[in-house]
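Next, two complexes with chain A in common: one pairs it with chain B, the other with chain C.
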Partner chain A sequence: MTHLLNIENLHLEFDTYDGLVKVLAGVDLSMRRGDVLGLVGETGCGKSMTALSVPRLIPMPPGRITAGRVQFNGEDILNKSESDMEAFRARHLGMIFQDPVTNLNPLFTIREQLVDAVLYQRAQGKKVPGRWRGFAPSARQLRKDAHERAVELMRLTGIPDGDRRIYDYPHQFSGGMRQRVLIAMALAGDPDLLIADEPTTALDVTIQAQILRLIRSLVSQLGLTVLLITHNLGVVARSCERVAVMYAGRVIEEAPVRELFRNPKHPYTRGLIAAVPQKEVTRGGLEGIPGMIPNLIDPPGGCRFHPRCQHTMAVCRQTVPTPVPVGEQHTTACYLYEAEG
Partner chain B sequence: MNIRFYILRRVALIIPTLIGLSILTFAIARIVPGDPVGLAAGPRATEEIKEALRREFGLDQPLPVQYVDYISGLFQGDWGQSLYTRREVLGDLRTFWPATLELTTAAVIIATLLGVPAGVISAMYRNRLPDHVARVLSLFFVSFPSFWLAMIFQTWFARDLGWFPIGKRLPVLVAPPPATTGLFLVDSLVQLDFETFAVSLRHLFIPALVLSFGAFASITRITRASMVEALEKDFVRMERAIGIPYRVIIFKYVLRNALIATITVISLNFGWLMAGAILIETIFDWPGLGLYAVHASLSLDFQPIMGIAVLYGIVFSVVNILTDIVYGILDPRIRYG
Partner chain C sequence: MSALLEVANLKKYFPVRGGLLNRRLADFRAVDDVSFALQHGKTLGLVGESGSGKTTIGKCILRLLEPTAGSIRYAGADITHLKARDLRRLRSDIQMIYQAPAASLNGRMTVGQIIGEPLWIHESLKGNAARDRVLELMHVVGLKEEHYYRYPHEFSGGQQQRIGIARALAVQPRLLVLDEPTSALDVSVQAQILNLLQDLQDRFDLTYLFISHDLGVVRYMCDEVALLYLGKIVEVAATDVIFEQPKHPYTQALISAIPEPDPDMQREEIILTGDLTLATGGGCPFAPRCHAQKLEQCETLPPPLLTIEPRHAVACHLHVDG
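This part shows the complex of A and B:
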């Protein structure tokens, strides 16, 4: 069975005034059609950059991919021309971002933005008749269909009164409703892959739950493939089937959700799960992982987690561990498990 | 609030603005040293002649009385008369102002048509060749004095190449179109007189082009800056991620965000150009208000000075109101109140 998305050994660097930041150092990640994969890790670990490498929206320069490849349906997308990329994004990808307030254009009605999303995703890189040539009967039919599809998308994403509210501007919507609009825009052309980059982080808790419920119901209704990026393990537990944990530019553990929570292997993952506040624990404060996120200009050699790890061995400082299987569909990149594999 | 009510209120607010402006101008015109009557009457005038002139123009009255007289005249369409030519100020303004209005409007249109695309291209190719070209060009045009460029253009395009006339609004032998607005382009179009239209367009082109350079530069720079800012917005990344072509994002979604700042600069430039057209008018022998204003100021001819100040006050206020209305059209979040 071929992978829908296959990221192999992806290396990404950023030129900054302080020096070369090695943001991604060999990311491996693959998804099959129908997967709902959670990508977790702390701020700065490279999860958003991994996600942005799929639509190729990493600003280059200053960014630079130095090694690795990203394949979609077996096609290498790092070599595509920019115009092919536009068609590719329109045809295969949908993406939602963190802040629904800044991600909608404030000067255009929802209709304008949503209808354009439908038109251009359907056109898949081909020309869409514009305003001036748009009076031909065929073009008018195209726009009428797109409008109907837009209203349908609003219904699908749970926005009440879509046929009326479509004429409103973003500032007339609440944060949660705006995120629904953005989801509707991302789904306009029935994408093969929906990338959700921290879709609930900017929302308050009750709205977070609603948006997660919406994404879950869309997954079951439409059979979506979703890459969900978050730093919130709770979000992963409720929404995903599989989890990949990232640390300092590498995927260090990957497993089905239940397996990961019951049986975390990598010392970092264990620390991460131990750090989730429990209801019962009221005294003694919160658990944490000692140490700091490494400086990625001059990252630690070998396993990048070794300076913070309680089980560091000589080999951890020398070479980078490769992922080894440690259970059913469960892999981790740690020398503690090398022998078992 | 209702937009019609808003416009009415803004128009009504022009009146206090103009009263303030007129008090200032009136005071300044009287405070400056020099004796307008002495200048007007000539070196050999006797004291009696000067006295008669003063009485005729009401200069023997106390200043507040003079001012009230002037203002009440203003509302009745009596804008005073020139000390020298004895012509009605309002009539003079009617004669000269349309020429300046036509020149400045054309310059602002040219500056906008060139400046906005140049700014957009600059922002799209930030720090690459097209950006450098646009920035050097706008620096060039903003640095060179316009009167010098005017003479160079006149020499090249009018004298040497003969593509354009050297000056004036129309050739001596061509009758101006019947004055409805005083703008030759508009008047000739209204009359469907395309020949006169073409001729006056040829006369207008070079002066308007030269006058537009400064505005072109500032419009380019502000458009570039606000485009660059708007391109950094999150929604640009979102639109790209879901497959909307970059071209559409730039020209539809980003440009509108950038235009708000550009509109401000365009309206400011309109005022500056109108007041600053004098050099260009002199070089191209353009019978506009600039020349008239300079003559009036040099000879302390206070009634025309007042008239020009009031007229420009009205123009600035109207342009401001129009700008505010355009803001509202561009940005739905702006509410009038």
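This part shows the complex of A and C:
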């Protein structure tokens, strides 16, 4: 079975004044076409860094990939040249971010920004040098087509009055609508993979519900593959099919969404689920996870969760646990389940 | 039993200026005729989306903003027009905890100075006496002694919030206004802070006004909940009533939008259209987004907040008869 995306044993480090920060320490993650995978974890666990390593948007230096592979459609991405990478991003990837305000240029109308995105995608692989593209004989027609495509994208992402509102500036849109514009932009090149990095974190709950519904409907309409990064377990439960839980630079548990919530195995996953105030929890009944996220300059040896874990054994301090199967398509990296696997 | 805090017909309008000579063109009604009462030792949740006026209400109670109209009574006394000297005394009774822990702590002061400052201002406490109190407070909120000489940037978000809580507790307040105290924190840390707040409430007999947009957190923390929409209360009731039998269409939609970490949960999902926009007509502010059956008066008449059952009030034309 071939995977659309395959990340193997990825190690990423950052040079800082305080020392070498080991951000990712052996991330394994794979996605098939049509998957909707949620990548969950708390601040600093490396979920965004894992996602950014696919379009290779991590600044290097100070970043450095010291080991591992990232394959897309069987192609190795890490060895591509920067110009190949540009074409690759345009053809295969779409990305949306947390903050819809800073990702739109306030000086240009939505039309200019969306049409630009469409033209850029379409120009990939053609011989015309970028700066002359606008003067080619067919430029007028290209722009007209791109404009139509932009309006269509706005309709697809549920922006009412797209043909009129396309002439508006970003500040004339609300937060939810701006996020839709960004989704439209990400879809401009019919991407194979949509990476959504905390797409609803800055939005109100009612708007969040709208955006999640939009993403779900795009998945069923266009057959998108989505990598959804979030810290919110509720968002995952609502919109993903599979979940990977990250802690301090490693994937510690992976399972189909129902299985993960019904039958969480890793102590960290259990703690995370227990920390969400749910319906049945009464006063005083909420459990946090004691301690805090480890310092990644000098991370704890062995399992990085062991200083906060209630079930720590001698082996946890010494060696890194490898993922073992604990159910159907359910794996976890924890020595508590070694015997079962 | 009389309420510790009573807010009656509170209004806060901000002027919208522009045109020639920067004239006052219109008013932005951030808080528009809000009334509620908070009993001693209880927690009232103020819930709403961004722009609903929840923080403005909190700031008006502390008199960090001057209310445009209405009255605020604290422990039986009217505090709406207190003068500076009395205001200082009031502020040792009412304290606030802010959303962004990093921004609400002075980066150039050590933890000891931050927590000690209110002791000096309100009680003229200095030297070893102050130091002992600060260390005791740090212990209460779960900070260690060696943190005394550190600076805020050396702490994680959760610990910064603990510093903010210790600073608020320093003057032995009776009422705390908690403005989104955990929305900047990760869930595992959020759980720690929420539990700390509950412990402190029991231990020091505190009353909380809990401002939040997260209904899950509100359900866990509050005895009573008031829902705000565009500066007006649309529904107020005991927490279990709000979550079991929500009456206002907005409340129903908000509850259905809580992302519960339970993929098996069967429920009707109400997804509101549009976003928080000012209604132009004189009708119900929620009418443009409402998914419920529309009546004629929805577009023309603002619905009053009516008590439909004891301790349950709704502002909706569909529930006029109870």
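In the analysis below, the second predicted complex is superposed on the first by the 327 of 341 C-alpha atoms of A that agree within 3 Å, B and C clash if a C-alpha of one lies under 4 Å from a C-alpha of the other, contacts with A are read in each partner's own complex, and residues count from 1 in each chain.
Going forward, contacts are C-beta pairs under 8 Å (C-beta built on N, C-alpha and C of every residue); 3 or more make two chains touch, one makes a residue touch a chain.
Remember, it's a predicted structure, so these values are computed and weren't measured experimentally.
Once chain A is used to superpose the two complexes, chain B occupies space next to chain C without a clash.
Once the two complexes are laid over each other on the shared chain, residue contacts for A:Ile289 go to chain C alone; chain B is not touched.
Judged by the touch definition given at the top, the superposed model places A:Leu222 against neither chain B nor chain C. Judged by the touch definition given at the top, the superposed model places A:Gln278 against chain C, while chain B stays out of reach.
In the superposition on chain A, A:Tyr120 makes contact with chain B only, while chain C stays out of contact range. Of the two partner chains placed by the overlay, neither chain B nor chain C lies in contact with A:Leu78. In the superposition on chain A, contact of A:Glu86 is made with chain B only, not with chain C.
By the document's definition of touching, of the two partners only chain C reaches A:Gln208; chain B does not.
Of the two partner chains placed around the shared chain by superposition, chain C is the only one that A:Val236 touches, whereas chain B remains out of contact. For the combined arrangement built by superposing the two complexes, chain A sits at the apex of an angle of 80 degrees to chain B and chain C, based on C-alpha centres and given in steps of 10.
Of the two partner chains, neither chain B nor chain C is touched by A:Met60. Of all Cα pairs spanning chain B and chain C in the superposition, the closest are 7 Å apart. The intersection of chain A residues touching chain B with those touching chain C, taken from the two complexes, is empty. Within the complex formed with chain A, the chain B residues making contact are 233-235, 237-246, 248, 252-253, 256-257, 330-333. Interface of chain A with chain B (complex): residues 55, 57, 82, 86-91, 93-97, 99, 102-109, 116-117, 120-121, 124-125, 169, 171, 182, 185-186, 188-189, 195.
On chain A, the positions that touch chain C within their shared complex are 42-43, 174-177, 204-210, 212-213, 231-238, 257-258, 261-262, 271-279, 281, 283-284, 286-290, 292-293.
Remark: chain C residues 49-50, 156-159, 186-192, 194-195, 198, 213-217, 219-220, 243, 253-254, 256-265, 269, 271-273, 275-277 touch chain A in the complex.
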